[in-house]
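Both complexes below contain chain A, partnered by chain B and then by chain C.
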Partner chain A sequence: MNRRTKTLQRIFRARILYLLLLPALLYFFIFAYFPTIDGVRISFLDFRFIGENRFIGFENYRQAMHTAGFWQAFKNTVVIGLCNVILTAFVPMLLALLLNEVRRKAWKRISQTVLYMPHLFSWVIVGGIWIFMLSPNAGLVNVIRDFFGLESIYFMSKEAYARAIMIGVNLWKQAGFVTILYLAAIAGINPELYLAAMIDGAGGFKRALYITLPELMSTLRVVLLLNIMGALRMFNQIWVMRNEVIAPKIDVLMYYVYERGLVQFKIGYAAAISVLIFVLTLVITLISNRFIKYRV
Partner chain B sequence: MQTSAARKTFAVLNNLLLITLALTMVIPLLNVLAVSFTTDLESYENVIKLFPRQPSVEGYVTLFQRVAILRPFMNNVFVTVVGTFLHVVFCSMAGYVLVREKFPGKVLLVILVTIPMMIPFEMIIIPVYVTVKRLGLMDTLWAIVVIGVVSTFSILLMRNYFQGIPRSLEESATIDGAGEFTVFFRIYLPLAKPGLATITIFQFVSKWNHILPAVLFLNSAEKYTLQVALKSLVISQELTSTTQSVANNARMGGIVIAIIPLILLYVFAQKYFIKGIMIGAVKE
Partner chain C sequence: MPSMRKTFPIGLVVLLLLLTPLFLCAEGAQEEKPTLIWMTGVQGGREPAEIPLFDAEVERLTGVKVKTVKTTDDYYTKLSAMLATGEPLDIVYMNAGQFENLWDQRLFEPLTEWIENSPVLSDPEVIPQSEWDRIRREDGEIYGVFNKFEQGTMPIARKDWMDKLGYGNPQDLDEYYQLLRAFKTEDPDGNGLDDTWGLALGYTTYDTTGMFGAYGLMKGFEKDAAGNLYAPWATEEAIPVYEWFRRLYKEGILEPNFITNKSSNFRDLFMTDKAGMTCYWAAWVGLFNQQVKAERPDSPFQAVGLVPPKGPGGRLLRAGGDGLMVIPKYSEHKEEAFKVIEFWHSYEGNVLSTLGILNHDYTMEGGKYVLTEVGKAHAMDHGAPQPKSLKWVNPFGEAEGFDEAAAIVREYGRPELVTPYGKIWEKVVRSEAAKIILGDISPEEGIANMVRRFKEEGVYK
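Moving on to the complex of A and B:
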């Protein structure tokens, strides 16, 4: 009895703290927790906005497994995603090592600033710039081809180039951001390590290979994890850069969900695929978390 | 002797490579800027354009008169300013609660605030769409404001800043009879200015650049925010028809006006960008 009044008293005393936390909690319940659970529920329904929602068990999942479009989107996600994950982890690492060798501070800062810039721009901007660069009328790439006497290519309507363009433009946008992550890690390396190596007569290349690279491994794991998440969530770039000609090569899972669910209004079916991707994401996150913990 | 020659060669090659890379960033941007200031006719010329031959604002006239870009631009300003302001208020409030000493239910509340980091928005778009529809927010700018108005990342970032504030400061205030609100607004918030700056900047950029919420929730053209409006303008429909498409200069002008606020922010607040990126990386 006495204890209960005491707890109530403590709760009452903390009332303002609950109040301060309320907006965040409300938001998370309405726009994260509830939809997550609701998504699972919807995935078992023949969902419509008007009329009755029929429970159909695993029908939506079964249908996904038997739809060629789903598997094509899956394949596109894996191929484009894998290239993105690897390239946007290792190219920036090389860039960071090279930038680190630049002696003049001002130079280093300028190139860092410039490389980071595309990360600030939305996918509409980046996609727009590159579609224009690659366009056959007045696009920079084709103007250069023209200059060397080569014929113009309409890059955006060639299936063969589609994935490479998506991967390359993604690298262009993200490389600077990841480079800065690595540079931050390099800045945190104990300078005594370099001093000791120098006394032992190790040159710049050896120092990079035996000191800098190993010290970057934990950052690399973080970057890989970020890239994997990014690959599974990929939507904006495809929404901006796709067209009907190249769509079969580049429509990724999230785009497929959007298209089936909110363009064709097969809500239950799209929800089922979201649930599948979500589970896949959780599994990958857990595995890599485990991996990271064991290795550090 | 030879090693120093080798070193010099490396330095030269290295600088050359980095300059080339920097140019692949700068040249497209200069090209966009130059084309945006050409005349309609010149914008179709097949030459590398880093300067307009006859500087002209024809493209911008098209942009503001025929395309009426001002409306989506102002819509974007609205969702960005309101959304960022609320984000900073809500997240710093929540971050403050997390550094308070024990109170009933704290552990549970901390968990409830942290888990959503593992729920990416992209993966719940279908049920969120249904929720937004049920709440009657469909085709309103408030739907865009509310998505992402709280994030675990910002809450934890603010908590980290608050943790660095010495307890003694607030103890003396509490003795003077200051309540929870006073401690939060008068002591904690002013001392966490770098943290506030960091989350403000990051939220500003992500709100300004938002695409997916607008794609999902906005249907009528007068509600469109900048990125969605730009997409139909910038991404030419060359595959289908060229009859009613606008000239390259207006398309590139659209890109320019969408980039300007971001460049200004980046130039004036660069140190917070770098700081925020590093904290983010450590956090993950």
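Moving on to the complex of A and C:
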């Protein structure tokens, strides 16, 4: 019996399973793969809502490469994205290690809940909270500054603070969720390892360094990969918190796509940028996956 | 022979997959009268539950079955998506800026002949000929019909505070400054606290055309003698106005969140006795009075629209950009769609667009209109609180202060030139204006930055 026949037989034996998979596959094809493929097609067109769509080859891509706005958005995406990836991977790890040392269960639960709550809020609420907190007259940050005799700063009007604010607010929102992931991983560590380390005279710091951290590496790999995949797709936070003054420092590629495609109706051009984002995400994810798998 | 245990699940799945399209086709087959799809961000029911009632009322009054697709949040994102996917839209509402952005797509049906043959729309006592000529395109055709009287934006102040502090209507920027300073420093609300601001704005410069108008400087773009676009607020003539705002900010008269404030923020500041003046739509003079009186009947609150400051350039306000109803070329029900658009400007249409739905927003008692509690809550706004028709007289009268404000806009208002670069203007001018007002850069530097950025964006040649 040749290989092809064997394969067909295997498929036939599992035919019910394949049939049951069909709706899910159809869903992904219609709502994920087809739009992606069609987006690539549209990126080569001078897209019109009605009438003929003229094929223009790589003109949309060429235009993007020669537009200062695209490169500014790309730079903003790289800077903010990279900081988000690193900070939202390692800061929650530190938080998890600290939380793990809290002995009283009630305090631990309260701390976890308080840390996790921002993750539940939508970006509209989070953005509104922080725009108010940073406001120059009634915002908490400036009230504290005023208490210490410092001058009020209109943070949301200063380009110098813009990226740091976006990164900091994103960390505030996401840290709790990632901390929970790390805490779950820590809970799975064999307690006998800690016992053995204590017998050998290892203090809390050494136990964290030589037992807890190595055990968290697999979770770190997952977190880094998820962060990298999401880094180029930032939009909600920027849309909520941006204003024209700080926009040059924080407008990211996805916002650029939104502005060009849905506000200025340059659908073909926006599709080209989307394809570039897709390719970049794919390449970075593949490279990172390889690196993280073997080095981290 | 395959057993029942294996055949049954396979058969069930296949049957379900086959039957689903049949059910969908059957649902479609039940439609007899065509249903027009009316895409809008402002017209129609005030809440989701009221939308079908609005549709039924349109059908009752016109005989045309409509389905309004109303999105107030991110309307243009949804509109773009629906246009791009070829959704069968029959009537589409859009503002003049979006119309310009879509113009190159050649999406719109010319309506000139229908308008000229319409007894309602061609009546100059409903819509004057000059208004139609204003929106006529280069090819002589008219591609949209107005939604409502768009009024304009203007300075709106607390009349009760002005009377209490002994200030009359300010006439120039100096008198405006004196008034705003008084709102800040003279405790106009009488609570003994330093908790009021002179002026509350949003989006940095929204909408301060009245102040720039003292130097004859309109918002947006104008054309120079050679026909090239330029932005009046990005010229040296605007320096005195930027310096005026800068002074307001430095002296703590301008509410400091003017960059991040949204419309709701500065409206709230004005209505809650935190600011003595704001710049907003003339219709809001009436709405401010209505809303505050409804919530706090004992409040002395009284909003009034002010004549803009006079300067070397005269006086100028921005009259509202047109909201238009268009019919896409691919609509399969163009005649019915135009019938609905024409109805919108008839007396019955004016009643629907203002008071609302019979026996829901209002009732008729002895030949008189009586607003229900629902109607009162809807504040007589179902898409055109001030209809375009010159014949329209609101049976309840206009909200307090609106008539006077509208008269000021009619006298000094001029629509801005509509271009596809509106968003670029906002991005460039607002950001540089903010830096000037904050004192981070000089007005000269800010204006030079604006010019440079307009060149980079390809607006300036």
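The rule is short, and it goes like this: the second predicted complex is superposed on the first by the 261 of 296 C-alpha atoms of A that agree within 3 Å, B and C clash if a C-alpha of one lies under 4 Å from a C-alpha of the other, contacts with A are read in each partner's own complex, and residues count from 1 in each chain.
Quick note on the criterion: contacts are C-beta pairs under 8 Å (C-beta built on N, C-alpha and C of every residue); 3 or more make two chains touch, one makes a residue touch a chain.
Since the model is a prediction, treat every value here as computed from it, not as a measurement.
K.L.:
Give one word, clash or fit, describing how chain B and chain C relate on chain A after superposing.
P.N.:
Overlaying the two complexes on chain A (C-alpha atoms) leaves chain C and chain B clashing.
K.L.:
With the two complexes superposed on chain A, say which partner A:L225 touches: chain B (first), chain C (second), both, or neither.
P.N.:
first
K.L.:
Does chain B (first) or chain C (second) touch A:R233, or do both, or does neither?
P.N.:
The answer is first: A:R233 touches chain B but not chain C.
K.L.:
Based on the superposed arrangement, let me know which partner A:I131 touches: chain B (first), chain C (second), both, or neither?
P.N.:
Both chain B and chain C are touched by A:I131.
K.L.:
For A:L213, decide between first (touching chain B), second (touching chain C), both and neither.
P.N.:
A:L213: touches no partner chain.
K.L.:
After lining up the shared chain so the two structures overlap, which partner does A:T281 touch, if you call chain B first and chain C second: first, second, both or neither?
P.N.:
Touch status of A:T281: first partner only.
K.L.:
Between chain B (first) and chain C (second), which, if any, makes contact with A:A32: first, second, both or neither?
P.N.:
So A:A32 only meets chain B here.
K.L.:
Look at A:L262 in the shared chain and tell me whether it touches chain B only, chain C only, both, or neither; answer first, second, both or neither.
P.N.:
Both: A:L262 reaches chain B and chain C.
K.L.:
In the overlay, answer first, second, both or neither for which of chain B and chain C A:V245 touches.
P.N.:
A:V245 sits against chain B and chain C alike.
K.L.:
If you tally the residues of chain A touched by each partner, is the higher count for chain B or for chain C?
P.N.:
After superposing on chain A, more of chain A is contacted by B.
K.L.:
A:I16 contacts which: chain B (first), chain C (second), both, neither?
P.N.:
both
K.L.:
Please identify the positions on chain A that touch both chain B and chain C, taking each partner from its own complex.
P.N.:
Of chain A, residues 16, 20, 23, 49, 131, 135, 137, 157, 243-245, 258, 261-262, 267 contact chain B in one complex and chain C in the other.
K.L.:
Over in the complex, which chain A residues touch chain C? Could you list them?
P.N.:
15-16, 19-20, 22-23, 47-51, 68-69, 131, 135-137, 154, 156-157, 243-245, 247-248, 258-259, 261-265, 267
K.L.:
Which residues of chain B touch chain A once you look at their complex with the stated criterion?
P.N.:
3, 7, 10-11, 14-15, 17-19, 21-22, 24-29, 31-32, 35, 43-49, 90-91, 93-94, 96-97, 100, 103-105, 109, 112-113, 115-116, 118-120, 122-131, 133, 135, 146-147, 149-150, 155, 179-181, 184, 205, 208-212, 215-216, 227-228, 230-231, 234-236, 238-239, 248, 251-252, 254-255, 258-259, 262-263, 266, 270, 273-274, 277-278, 281, 284
K.L.:
Spell out the part of chain A that touches chain B in their complex, as residue ranges.
P.N.:
Residues of chain A touching chain B: 7, 10-11, 13-14, 16-17, 20-21, 23-25, 27-28, 30-36, 38-39, 42, 49, 95, 98-99, 101-103, 107, 110-111, 113-118, 120-125, 127-133, 135, 137-138, 140, 142-144, 146, 157, 172, 176-177, 180-181, 184-185, 203-204, 219, 222, 225-226, 229, 232-233, 235-236, 239-241, 243-245, 254, 257-258, 261-262, 267, 270-271, 274, 277-278, 281-282, 285.
K.L.:
If we count contacts the way the header does, which residues on chain C are in touch with chain A in the complex?
P.N.:
Residues 6, 9-10, 13-14, 17, 76-77, 80-81, 83-84, 86, 101-102, 105-107, 203-204, 255-257, 259-260, 328-330, 420, 423, 426-428, 430-431, 434-435, 438, 456-457.
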